[in-house]
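Given below, in the form of structure tokens, are the structures.
After this come two complexes, each holding chain A, first together with chain B and then together with chain C.
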Partner chain A sequence: MNANVEGNVPGDVSGRQPKVAVYICHCGGNISDTVDVAAVAAAMAQYPGVAIAREYPFMCSSGGQDLILDDIAKLGVERVVVAACAPSLHELTFRGVLQRAGINPYLYEHVNIREQVSWVHKADHDGATAKAIRLVQAGVEKVLRQAPLSALHAPANRRVAVIGGGPAGLKAALCLAAKGHEAVIIEKAPWLGGKLRDLGKVFPTGAEASETLRKLEELVAAEKRITVHTRAEIDSISGFVGNFTITFNTPDGSSQVTAGAVIVATGFEHYRPHPGEFGYGQAAHVITLPELISLLKDSPPRRLEHHGKEIKSLAMIHCVGSRQVEGVHQPQADGKVNDYCSRVCCSAALYTINRLKDKYPHVRIYDIYRDIRSYGMQHEGYYERASKHGVLFFRHTETDQPIVESSERGHTVKVKDVLTWNEEMEMQVDLLVLVTGMMPSDTKRLTSQLKLSVGADRFLQEVHPKLRPVEMAIEGVFVAGAAQAPMDMTEAIAAGAAAAAKAAILLSEPEIPLKPFVAVVDESRCTGCGDCLAECSYQGTLVMAEVNGRTVAQVNPALCKGCGACVAVCPTRAINVAGWTLDQFEAMVEAIAKA
Partner chain B sequence: MTESIEVDVLVIGSGIAGLQASLDVADQGFSVAIVEKSPSIGGKMISLSKVFPTLDCASCITTPRMASVSHHPRIQTFTYSVVEAIRRVNGSFVAAVTRRPRYIDEAACISCGHCEDACPVYVPDEFEVGLGTRKAISIPFTNAIPQFPVLDMQYCIRCGACARACPKECINFLQQPSPLEITAKAVILATGYETTPMTIKKQYGMGRFPNVISALAAERLLAPHGPYGRVLRPSDGKVPDSIAYVQCAGSRDSSIGVPYCSRVCCMYAIKQAILLSGSLPRADITIYYMDIRAFGKGYEQFYKFARDMDIHFIKAKVARITEDAAHDLILHIERQEGTSAPEEVKHDLVVLSQGIVPGCDVSRFSLDVPRNEFGFMGPANEHLSSSVTTTTGVFVAGAAKGPRDIPDSVIDASSAAVEAVNYIRSMASGARHECKC
Partner chain C sequence: MQVHPELLDELKQYGTFDISACFNCGNCTAVCRLAQTDASFPRRLIRCGQTGLQDSIQTTVNPWLCYYCGECSETCPRQASPAEYMMALRRYLIGQYDITGISKLFFRNSWVQSILTVAMLIALFAGFMSYVGDFGKLAAMLEVFFPVYVSVVIVLYLFQIYRYVIIKPLGQLAFSIRPRHFYEALYHGFTQINFTRCEKADLWRWRSHWLVMSGYVITLLLSNLHLLEPLHRQYTPFAPVSLLIWYAGLSVTVGGGLMLLRRVRKSSESSKHSHPSDWLFVTALFLIGLTVLATHIANVAFGPESAILGVLYKLNIAIETTWIVIVVPFSKWIHIFFRPLAIYLHHTLREVQQGTAFTLKIGQRQGSSVA
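Let's turn to the complex of A and B:
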């Protein structure tokens, strides 16, 4: 990596100023309707250091890119500034253009005059134009002080560790193995399958869960590239993309695996009602939906029984442990309520009701809900079928919770039903079924050791919920299944495959390219005070080492995120983030502040 | 002579599912050809305003995916092209594709837009769902990829203004469709969706009443670079101050053959209502719904946010909509809570939260992929794979399988990509392929 990141003197060794070209993008009116792009280009053409300034309708189009290629070839342009949309959109596009032209792709600066100028100053064209000019000038100052950088590379271990052996984890391992990767499944339970083991028939196929699980297990067993560790508790997990080390304990002792990527598929736990929540754990014959599913698995024909009592009527209460409201519901152990929807419980409840009604048509069922969220293609049919089965539905608001009084004779459920003019309805039932939601499994050790983001709902938080749904912010770590959010088995299987795709892409080359924007220490200036170490949030990134008889800070570029926290505390300006040096910042501020 | 190319995977459709599937196949080292019937890649997502629940600008997060696809060394894109038929030859698929004429020389065009400026013919702009106009020759929309204009012969008056304006002399009125043959080892179907046509729900008046608009039109009204740059109602350009959303307009409705839930309409209505509250702080917004299905990650919280913003949610079924002389709309509703007497409520703009139907009749590809009674394709066994179909070598991704939101489509697409690549690997190694992974 290039240590000379603080190019104090713009230009090369001869002191000659490099040729900078500036391009102002219209973004098809997105920018040019507000910013006078011709005026910006004219101003920039006069700016010291700028060899050529142009404007163009769409710089990102092939025509725009060709313009840059042409100027590099014909005019000998050496550094490029494009003023356009946000860098997250097209910075890489233009770096690619430089690369194609054979110049260092980091001798490029992207100035955002759309989100930061035209979109926010629609009413002030002159002001917007003036602001655009200053920002582009800052960009020129920055690129003049830019040193050529090269991407760092970390060697990639092709093995993938899959934490959790439920459907998502199994699917991920199968896909990776088929792609030629070794996959190591680390499962804390004595068996594979996760929660699938407890289910009977599963929607929408109606297949027996045990049958599906048997198939998955067979496929895993037949795949020689998959290693399975059950009864395995993770002890520690460390490292970085391409090079993770996981130690775990099994009854046979402690083991260690190394892996290039980690897929977290730790799944969910069923919500456990608080003691006494609708009588659960205190009154007899109050169970959860998963318990009802287990009950139905081996219940005799004709007579539905629970603990010896014949069940002739039951009430289902939805959203127990989900869609909770502060001030109405008792908080969980961490003081927060579960304000999220658990997604699958409505459909699961309706599916179970139909199975129950098919077997025991005489059992009266009352369904007490807030919204029926049977969203899947076939799920609406379960709702309709349940209605046809004569199930009575009552709808309550979030603040008017159903009230349950239990006695030896059974349960009296009172609910203020909005469907019948907020009338208070009262029903006597033998069994109360709480339609419980999902909570994430405990992943504290993983999240703290790998610094994974966790959402306010305590589920793992992906990088971008829309377009990068299985990637975690820590490179090389992926998430699959209900560890991320409540989902059904079909969805978890899809997520497992998707996480495998991402891991396979990451590990497709022997080395993983890393961004070069990492901290770099100027050892001649470092006094070894250690302030930077104390400030760094990424353990192991900075270490103190003996170099030429002096103690100085050293950076592990594979771990460094380029956050710059160390730069801010260094008393001797010995640390800079490559591509974002203090010199560059100062020159940019100077350019913007200058009248 | 028919141009022919050979790739590993043929992807049909370039909405977000097709884009993601193509990238994930290509990034694993395999070559891809995308065939897209529209003149630009990007599908429906590129036309949306913002996305729920993150409120990211849709075009800002879609454009990078489109750009990555168009610059990817292993992806070839054929826009404005249709797959006519696919046949199997020795385990491969041979797709007969027709490249429709844009009436320009694509190799010479520099996307300067002079032809569009010169054209004197204004026609309704499909991209703006008819709310704005375009020229008879035009680049489909600002961030379209590729940036080629399309000459619409249906409206062209053969005046030649475009040809005279073109600095590269690339207008060609006599251009013919050209055939293309794509040979691929696997096919990913990502043919997406259309919104439920409101011709089958005439009582809601869309098409007759100018201020009853489609959900996608509302997306354009709210888009940063939309047709008016602000929210106006179509009949008179007035800023609306009482806006209604009619949920399940073309979903959960057996009477029109769409009994299923379309999954996204609750959330996009809530999102649009939140955006409307931002741009029209004084407007009253009411959502008439059956159930609010905010089931995805962060969705329930988003729904709560909307209620806190004072957006009204009324559980009611809208029976029909009529119009008064001022083009205001009267919704004839039956409340399903509180009273249940029929009521008439007046609003000055109505958005129909249309459902989702299949985007493309894939039966003409003769691939034998089973479809359900509604025309959506399904996987062979969704408990084992969400994208492997019963037809060996054919995979399916995104809303072609049924309504789904963006994250679910993206996950699906990645799943289809890994399955397709693994299938090709298994073919190459001569192993017997089962739909195991």
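Let's turn to the complex of A and C:
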């Protein structure tokens, strides 16, 4: 166990029966219209161990909270059960009341009789009332066996490690520095900027990518709180929230950085077409969209050239390496096809087409797509401009892929065009451009060492796409930019700022409060079999240690998620999750079943 | 099928539309009254134009069924002006059917026709004014020339449209021999009743067309049958011929005037985009009606010898000659024959599909068409 983290105080449930107060909330009719709250209160008043049972219109109101405070002060109530809404709404409210009254806030049980009773049993008032009584009884049994827990605190290292120095990582570091945090950028490449270095003008501003990057680099260089390590390969990463240790190798040798939080901004790789995919790598004048963008960067005016050949016509094929279909496309090394949409490529292709048309209006452009997704602010305008530029669009289905025949004179592209009632349309072009998608950078070492979730698309997976979009399930680890999903630069930068804000909030206090609901080992019962260790998903949480000459399991509460997997496999009931012990569960089941 | 995007560049010379902007949503088809059973009109022709399926466009009769109610253009979310595109297709097709290539030249070089017309009109009027012989006899000779000339033009055109629509794609002759189809074609040709079928029936448009059509046919008959000799004879106001003249002159003037007004005011979709040939067409019609009326009024009021009648009549004949020679064969005038014929050919094609048409093999040629 880490010396800096306090352990749980063992509970005191023996000896004298504590005084329990029960409160039944009406929720302004939400509950009392269906549940006979007076009957519940009356039943609970008779229940063994209950000192007082009351009902009240709104327990969460200050009147309701004062009621609890009064009873604690005047009647000597020691444990509290409130039967009301879902605990996600007001459990913390009532724990706060206990804390204000000077009682351990975990000697509290919240029973949900709204979502789980009144709202779902509107037609059966008697049944609802009976169910409410059983649930509250279970709550009383649980709180009677509740140990007074204390919240754990992990000391917070205010430094943040940012892995990856692309736009998302740079923005995250800048935001953190602005908040007074030290930020360490660990970048694999010899330079900062990631894929931004290869781009020309970028949408939606039309700014030169090199200029944007130069500004970001200047800001980073001017910021004393930011340290940059380039050519740095991560060797190992370990630790837990507030206290991570990252070792990495640079040409100068191995270095180590400690940090309170980690922002993973490892970015993406362009999809590389398989050799021969639409002739790529085999026929001349077949390139990818990033290659076309590089080509346009310093192409002479008036004459578009590729390897000495003048390009008078070109065809773009969308969704190369994206939205792949099993059985139609060749799978990647892991045996899976890229079935996700890379989102950014449509807008990027249309934007590039417009730039090309502005510079070379005579170049004939054919755009072959399955679906066009121009999802960004005003990106639809790129499509509209392209079509008004005379770009000819063809749409195919997922199974009818375009067919390319290449010869010395150029490419013949055949596409079964949905827009021309499935006729096979044929066009001759000088250049073929494959609109390639994004794949995540290789993050295997990070994901295996930190136990990070990875989606079916191999990108890092956040806790919740809308509610917790930049947090990983491992506390203290955040994700920013295209490591998470295909995104354009504006989105990546926004994600970088969001991750920085979340990390700054986490590290704002010297100590990070942790939930006390973690596994606790009763060393007297532990036989040291190690089953729990095998079952635990969070590396480093459980270790076997010698205590008084016996080998027993030990828990690092900062790493434990309280999932209970170890509890389920322990043959001697030596492990419990604090606040949710097996004894408590058994008593609750007993209370529900016996009536 | 080979894509020919350059065809669209050519088509754009025939009208003010932007079907490049079309994203194939099909709203035009949804609102079009012609697309009741076939869910492809006008979207299909738009796609043919975008991708340059030349064969499909050259062999279609569909543009002639469209009466430019303009609802597709009003509904189009991309302001691609599909109705104007259909108008442009009609101009393009006239250019294709015209073996002389003059229509093509006129349509694509917008003001050439107008300049030539004005020049010819001035030259003819000056020539007539300096003519010392009996102008009545000269006019009579010209009036014999008109129907011959126009008949040749019409026969050539009708053969061409038949060649493009039936012979080229089918490789055979095909006819519908159902009397109903002949009757329908004639009925539509005379009444242009399809105008009134458009959802937002624009009755004034149909009325002005009807006035012009009926008045113009009477004028043609009067002159071609040589029923009118204003320099040789005085007419009474209520003589049968006079009554016909009053009607014809007034109809053409009012109808032509209404058309002119609509284009000036851009009062509907169909009059928003005026090609120079449209201005020429309605202006000429209006002037024909006006001079026919004026000539007859002068004859009735002042007698065949009056000097003012002489001038007016020479002006009238100069306008009509110019009209017949330069405007009629190379403008939308020919629509009045194409529209009924298109209805007939449309039925014929249906019957070919159903195998009930009367056909005559003339070769193994087999084209392809998707429109």
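Operating definition for what follows: the second predicted complex is superposed on the first by the 455 of 595 C-alpha atoms of A that agree within 3 Å, B and C clash if a C-alpha of one lies under 4 Å from a C-alpha of the other, contacts with A are read in each partner's own complex, and residues count from 1 in each chain.
Here is the rule we go by: a contact is a pair of C-beta atoms (placed from the backbone, for glycine too) under 8 Å apart; a residue touches a chain by one contact, two chains touch by 3 or more.
Every value quoted in this text rests on a predicted model; they were computed, and no experiment measured them.
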Partner, of chain C and chain B, that touches more residues belonging to chain A: B
Partner chain(s) touched by A:T266 [first = chain B, second = chain C, both, neither]: neither
Partner chain(s) touched by A:T541 [first = chain B, second = chain C, both, neither]: neither
First (chain B), second (chain C), both or neither touched by A:Y366: second
Partner chain in contact with A:L392 - chain B first, chain C second, else both or neither: second
Touched partner set for A:T34, first chain B, second chain C, both or neither: neither
First, second, both or neither for A:W421, with chain B first and chain C second: both
Contacts of A:E384 with chain B and chain C, given as first, second, both or neither: both
Touched partner set for A:S88, first chain B, second chain C, both or neither: first
Footprint overlap on chain A, comparing chain B with chain C: 384, 419, 421
For the chain B and chain A complex, residues of the former touching the latter: 16, 20, 24, 27-29, 51, 53-54, 56, 60-61, 63-65, 67, 71, 110-113, 139, 142-143, 145-147, 224-225, 252, 259-261, 263, 291-301, 304, 315, 336-340, 372, 374, 376, 381-387, 402-403, 406-408, 410-415, 417-419, 421-422, 425-426, 436-437
Chain A - residues contacting chain B, complex: 27-30, 57-58, 60-63, 85-86, 88-90, 93, 96, 115, 119, 167, 171, 174-175, 177-180, 202, 204-205, 207, 212, 215-216, 219, 323, 339-341, 343, 346, 371-381, 384, 395, 418-419, 421-422, 455-457, 459, 464-470, 484-485, 489-491, 493-495, 497-498, 500-502, 504-505, 508
Contact set on chain C toward chain A in their complex: 1-3, 5, 8, 18, 20-24, 40, 44, 47, 50-51, 53, 78, 370
Contact set on chain A toward chain C in their complex: 364, 366, 383-384, 387-393, 417, 419-421, 423-427
